[in-house]
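One chain, subunit A, appears in both complexes that follow, with subunit B as partner in the first and subunit C in the second.
The block that comes next holds the complex of A and B.
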């Protein structure tokens, strides 16, 4: 083994107040543990001087402040090795001096100690919800990390996009409820205990809502109605892009959140499940000119933020500021960040919050060929990662279907959500739209060659109603958020099934259950990549709240008692996912063909109405059936007939003739357990000529 | 940090007392790494270890690697529940063979 002490740079060259130093390496940025010392490297294009501030863990006052000698600066990077630090007890930050000229974009303030944007862990919020010391002038401090996790032979799973079934979830909400019965509720460790549940459910990818360090106390306040503390609960406001949220780790108080999250990823991978992170690169936790100075504002305001000609903050994010994503410097920090998560945490993909912002130039105009999106698409480390855009922003840019994709990017398909919701609730004029959505939205992804895997199909996500609430509320009920019900979307395409909110009325309950199953049947038989929202498989409610971003209470927490109370719904979803898995026809990465491609003379997809081969595309049509034909996994002929009756009256659907016998797999009009039969146990249809679909129901019938 | 080393037949039993963190880990490493590397079975009695930091976990892991790269092996005994839990959620626990007590380990490995 080479002896590192034989290297020349093992020995210091300078000394400052008893601390031994030498000139550092500009790359990599951040704090890197070397043999004998720590390399600190930080960038600013407009600062005039820089000081490294070191603390002993938790101490209010610095242990030492070491100004970078000018000879330690290379270009705009200050870099220095400090020897003999106890890597576990040191906390660090920087002071930057430079002009304070807001009209010019500069807001340097040497009285502030700044968090390193490359910090690998951040202290200050180690225990979720523990009241912070509000007088602390430097609350979010950088810490050092050992990057030697033992991954054994794990690496990102690289599942083909068309095989994915995504489960969007919030780490804390998933196991915080007492009914989760885990040792460490609301943490990564808690999630570890629920891996068997996820595997049994049948999903193969989880998408974690933000897990980068954020401050749950950002803009925290008391609810005027309930008095409870309202938090930045969801975490869409980043403090540290390179650091896992300490408060999500059972071991966060000991600074071991990196190991804990890595262990979760490794164990989830063992269950065949991928991990996608929801990343928020559109803005930071610093807000506008009235917000706190945490990091970027004090390091290089003009570089990191989109500024108006007067030096104010553009607000395309709706959160006060906008990260200047297509500035070359910001592009490289985003790239460095994602590479770090892919390489060091084995993350399988990323979902970009308000991603349309990532395609704007430094003055806010949309770019035809945004350098950041292109760099991400062609990056060698990210080459196999899933890249998913929320293809709109709060500045009015809506790019579903037109997001610059470079053959890589997928999108949350907001049109899928809206069209399917409206069809299911019985709106007229949507039969054609439903046909398009079932095919993987060729209107959006066909002309440009992107195909169905560009379409993340979803009915619900963290933004908006849960699936049960979608069929329990006509209106949002966000009073608990403390904004007099003004926040959250008003355009939900929801229907309360006759009573607003929870009810003991059995017919209403049964109808809601049926609507959920009908909607999910559409989702799981559509081409594209289906995404479920945590708890919808067990009938979770948020009591009509469609924007529960601030509530650390049972509104958000997943109540695991529902797995018992709604056992039939959970069983339905588990079997529905198995049906999707059993039929490759539903998961092709190409849009289907109308003319050929099926078994013998059958087209790959054909549409039908109550009469076979005669779909009703009229304005008043609320019924549609499609026939998928091709070959299944064993290369046997496959015929899959899927019919939806969104009308309030039942209807007879005559079945197309096939050279096989029809067997019923799903009938959402039937009560459990006749609503769904496991793959291989489908029931022979006694009358092969047709089926009766109850009001607001769907059937999935297979030929064999 | 106190480190007591005693040979028991083919085994080396090490009784550790105190906290293993960034400050004490280098000492543990310099005392025990030569033992781990010489191919002996090393029983680490952890009963009196009250805290394991990130650096502490890494020393144990390093010793394990060093031992298993030869013919040696590391066994942990008497881990208090808190440490066991920390090791479990960070993925370190399954790298080690555990015994409830030093006596059990000595009996089983004799």
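The block that comes next holds the complex of A and C.
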């Protein structure tokens, strides 16, 4: 008999094959360690019976299968306390019986053992890339987690949104390359060793691409061109929403991935850097009716997935199925999941993949007031978390500027990316668009009072070209992905600077370098929240691959040798970030004013052309300057003049008069080290009347 | 190597020597010793782990339990950790909660 001496109110009432049981608690869902036992709670609205399946760690066959007595079901929740389990070694799943009637939406199959959607860790993929046992019928098993991590005084940093500079990164890619020189390449522990680099770079927030448990072997195959194994490398296909990816932890093989990730968050916080997770709630790893049954399909298919009237899977995600996010039950699991990550992992915010799906009703129609998005916006636990939407989906819903925001949600501003790319490469008719992007996109976010912090400004992200490739390739080169170059976007707004791909031609190399600096100068002087893509600060290439989702090779791995090879570019980005930090004018949470708000009679922002106060908004204009005016942190007058010449010919820009002297901070038309001067070391402009901007260059000039 | 654990107490200090593999099977014995050590309310807990070859999650849990059981005022020293044991302590962040030292001078 178990020891009940310490809790006389807690005792077994039932026994099954030597296991002591009692009726459980419906809440919380999942497996919860109690005094002397474990509470198992699982939901299904259509199942007729449920069985708890317990394994000893790694054993192929169950140790016991315990049917939930009917008296242990409350409503649609089966709940049971099992006493005397070894929490370190037990693995668990469920069998659900019920109708198999696909036309009605039901796909119950009691021959399958199902993963608990609330499992806090999942075994089966502990070591990245290690061939799984393909014969194992229950490869993804739930495991128990102790909430005993010593956080000391850590908690989410709650940095103001307008102060953020986000660095999007892939955990494995960041340190997998041998040049990373870390003890545990490609892991959370490896990332730990690179925190000083991130701090020196000057970013203050990392956005991790998916770290929820996923199966890198999902749809794995051999590349027809290279013969290498192609994986579900990026991980945009979730197996376990509550569990960190074991294969990303050096300690995953010992089941300590929770500790390792928590330690990374704690240490990153100590460096003043926030952690945002890229979360994928639009679909799961179960695919369509031909995919594996891992969890939801067998637990309650009709509840968890959006289904056609014939019972097939809607595919708004482009990945086979669509999670039924505005069903109240699914809403609850999303909320529970994010609360768990915010509370137990101290996560600072979330970026929602294909978030437009989260605003669709169970039949796919966009909702005007989506309950899930509203619940997330007003949730008390998530109250200080950043909520960022990728405001479109694969079903054609594009909501940049119109995503239901409730005063909370920010968006990946796809229009910012496209307009700035096109302007920089010299497309006509974009001077006006650039002006709005520099201000934080008031055209998108001003009408409903959202402000610049609704706009995540970016030039590049994991989807698409790297910044170097943006100026090295006219066309995508995705042959390595094994889909005959059909995958990936075709509208890249890229320009190869005259040669397709890598070249030894010095003028082309120099032009590419200059284009990168010009584009980054726009990004880091725009209002809104800038986001950099891992490695762009050191000139990373993917050799023209704009959709490297399946490649576990140097295409994705960050080559740290680039910090030396492209030292001038890295220095440029570091100093550029310091300039952004030095000038609060660039980081206001309000859109600027054209009529007032600057120093004395100057407006907060004014636009200029080659002649001051005369911007050229014409179709053929490829030149624009803006003057920011206001007060700096010491309350001293601040004048910041930013000019871009995207034309292929150089041009003289006469400078507006100010009651200060102009000093050059950035001139991307100059070779390093004259391309940028550190804050405080700006160089007095010899001719205060104007500046000459080289072709395809930008200048940042400050008055002091 | 089979797991071995030994406790030696003085009025101020509890010393525990661990050898072999501290895993799910051996962790309960370690936990018993921790509880025994806590009885005398020592000011210091010193864990000698030079010959500890492996530290599993279950072992880490007991270390964390020791930290909580002893209370914030008790200093915990982990002496002679090396190889994978040291790595596990560092990757899990437990090294921030204790003093990791190569040797202990009494």
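Here is the rule we go by: the second predicted complex is superposed on the first by the 696 of 704 C-alpha atoms of A that agree within 3 Å, B and C clash if a C-alpha of one lies under 4 Å from a C-alpha of the other, contacts with A are read in each partner's own complex, and residues count from 1 in each chain.
By our rule, a contact is a pair of C-beta atoms (placed from the backbone, for glycine too) under 8 Å apart; a residue touches a chain by one contact, two chains touch by 3 or more.
These numbers come from a predicted model, not from an experiment.
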Joint occupancy of subunit A by subunit B and subunit C, clash or fit: clash
Which of subunit B and subunit C A:148 touches, first, second, both or neither: both
Partner chain in contact with A:491 - subunit B first, subunit C second, else both or neither: neither
First, second, both or neither for A:504, with subunit B first and subunit C second: neither
Partner chain(s) touched by A:687 [first = subunit B, second = subunit C, both, neither]: neither
Subunit B/subunit C common contact set on subunit A: 86, 88-89, 146, 148-150, 183-184, 188-189, 192, 250-251, 254-256, 259-260, 262-263, 266-267
Interfacial residue positions of subunit C with respect to subunit A in the complex: 24, 27, 56-58, 60-61, 64-65, 67-68, 87-88, 90-94, 96-97
Subunit B - residues contacting subunit A, complex: 21-23, 53-55, 57-58, 61, 85-86, 89-92, 95
Residues on subunit A engaged by subunit C in the complex (per definition of touch): 86, 88-89, 146, 148-150, 152, 183-184, 188-189, 192, 249-251, 254-256, 259-260, 262-263, 266-267
Contact set on subunit A toward subunit B in their complex: 86-89, 146, 148-150, 183-184, 188-189, 192, 250-251, 254-256, 259-260, 262-263, 266-267
